[in-house]
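Letters are used for the chains, namely A, B and C, taken in the order the chains are written, and counting of residues starts over at 1 for each.
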């Protein structure tokens, strides 16, 4: 069940430091939105605020609203644990649990939720691994530790782990930055397929990647050192890359900046 | 968490957020409570012990005689007198131990960090230091007894105690110094080599000064630790109720030894002496701990 | 490092002549009489049992509590408070053991007496909780000693475990959080598996410490003529406390040798425990 995300007047802080200022944007369901921008502009911070991972850092604070299909995820009645269960996340560096086998890694989320039925778990493991285009490579070694896979395989394992709990939204924080070009291509193909079922938000440093995989692109920028990051503009990817409204976007994309 | 909205289109779809089961929440809460409770449990005995010592010992040490006189010539049931003979013993035994241990510990640590690398000898040394850390104080005392007293034929003395304390102190110093030296960034060493400064001089002039505050803090903490040791004084020194300045000969008191020997004294005077000595020992140890903190503040490499 | 060998060697050399004079079985006898050097009869069985039982009892109490504290300090406590809290725990380690001993005998012992009596009357059918061979009113039992020991080894176990738990890689924790794990589930899926080996070896270090603890036990444990009967409410002596009690009267090298032999056994015991602990840690480091 892909859902839409609406962000309104979002301000993010680390202690006293105002990291991101006044972000408002919408992510439609079954759509890939890319966040691009120079380092330190707050794009990862915004991403992490979408499933309440931002508040895990000490002193972190959030103002404004983030709605998932009209529900405020920061409402006081909502447990952050529920939010993260519904909005999955894939990190910059693959982080499979080193003490678990490949199979256990994939179904870790379900096991936490209390699913014990072995048959059901096996089914989910296979389906998720197929979904992550990894099944054929690992089906014969499901009981081996997840740390033994290559970097690209590990990242796909993490994607399988994220989709095994059937989230509504998938957040990806520079999922390819630690991978070689071939693995990157595999992940990009995967994103295009996953789009059919999930709402995806991806942070990337690689503008070609944003252009290749996303339908919508949001450009973030910093006005200066120590200033909060801002959303400069958000629009269809094609429009952003061919004919952006803002000059800063154009400068960045054409390589004259950052 | 399901939504309570009456919106009809909404009801047809599952709730936005998958709920977290009550059992999981309960487990999480239980764990949080247990974990916090564990901490509270540990604080209770600490406060209790310190309170006991303060309550029973504090009145005793308010008397100026306590710090200036010994128990010489006093009967066991007579109140009054002081423990300066025991304070002297504790401090001198501890300091002599420190004087011997610090260079040894320092050399071993410098070897391990700067020269040893991953050689066999250094691995074996590390392992031995680890094991030495775990040697019970009574075993260290017995070792010194069998070496110093039965083999070499010396008598029991304060110095024998110092030797046993050395065995306990060296591994601690090696450990802390090692940690401190490891923190010194390699860039500093390389910068020094690049200036054509030989290795030993780099260590003496660059590495050790950088790590000095940490090393001294470790030494202070180790001293505080060994001064509270009782087993070695029990085995290696005889108690004397009077002052003995000579570390190498004759019975010599120390605070722990005074406490154990006064335990055989069932009178109120004995009781007071035990708790008075206890609080004195705690004060001395606190003093050394404070000193450690002060040193680390003062000597820490200035960054501003 | 030659020292370790030397310690073992010297204790052995000193112990051999006395062992030769031992008229009882050293390993399995429960007697201990060294007063008459022409007919010494001593064995370490009781010492061994009392030492091991009190240390094991202490470990049983200290392990879960230390685990809780280490988790509290690394995962639960607010960042700003974690350091001062950790300092408080370290303070426990700074209190000299003689003071713990006095506190255990004079303060804790009497407080525990009613609890002990209750355990004896309600669970007395289990040998461990049977009426012991010393007066419970004085509190000089293995029960009291074990609890004091537990307090004393808490800071060691906590300190080492804390260090290991702190090194749990952040990405693993984030991964678990992002999967929608509750705090406890995060701890269970990432911190605990990662720190398990460290925690076990920390506990072994604590055990080594408990086995060798001398003066606190010397003060607390009541002497008894009868032998150890597997009850926590027995008195008796451990290796270390036996040696410490006799130390002022080390006059004859032959009888002193008997105690040195006991010390040697204690040394070997702690050596094995500590070496095991270190090996576990070392193995774990390579695995990382």
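Just so we're on the same page, contacts are C-beta pairs under 8 Å (C-beta built on N, C-alpha and C of every residue); 3 or more make two chains touch, one makes a residue touch a chain.
Since the model is a prediction, treat every value here as computed from it, not as a measurement.
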Next item on the list: Moving only to chains each one touches, count the minimum steps from subunit B until you reach subunit C.
Entry: 1
Check: Pick the pair with more C-beta contacts: A-C or A-B?
Finding: A-C
Check: Taking each chain's centre as the mean of its CA atoms, how far is subunit B from subunit C in angstrom?
Finding: 18
Checklist line | Whole-Å gap between the CA centroids of subunit A and subunit B | finding: 49
Notebook entry, point to check: Among the residues of subunit A, which ones contact at least 2 other chains?
Noted result: 81-83, 85-86, 112-113
Item checked: Where subunit C touches two or more other chains at once, by residue number -> 180, 182, 185
Checklist line | Overlap residues in subunit B, where contacts from two or more other chains coincide | finding: 20, 24-25
Next item on the list: State the interface residues of subunit B toward subunit A in the complex, per the touch definition above.
Entry: 1, 3, 13-14, 16-21, 23-25
Next item on the list: Sort out for me which residues of subunit A touch subunit C in the complex.
Entry: 51, 53, 56, 58, 81-86, 88-89, 91, 93, 95-100, 108-109, 112-113, 158, 161-162, 165
Item checked: List of subunit A residues in touch with subunit B within their complex -> 1, 3, 68-71, 73, 77-79, 81-83, 85-86, 112-114, 168
Notebook entry, point to check: Can you name the residues of subunit C that touch subunit B in the complex?
Noted result: 1, 3-4, 6-7, 10-11, 13-14, 64-69, 71-73, 75-77, 85, 88-89, 91-92, 94-100, 102-103, 106-108, 151, 154, 158, 180, 182-185, 187, 205, 208-209, 211-215, 218-219, 239-240, 243-244, 247-248, 250, 253, 256, 259-260, 263, 266-267, 270-271, 273-275, 277-278
Notebook entry, point to check: Contact residues on subunit C for subunit A in the complex?
Noted result: 79, 169, 171-172, 174-182, 185, 189-190, 193-194
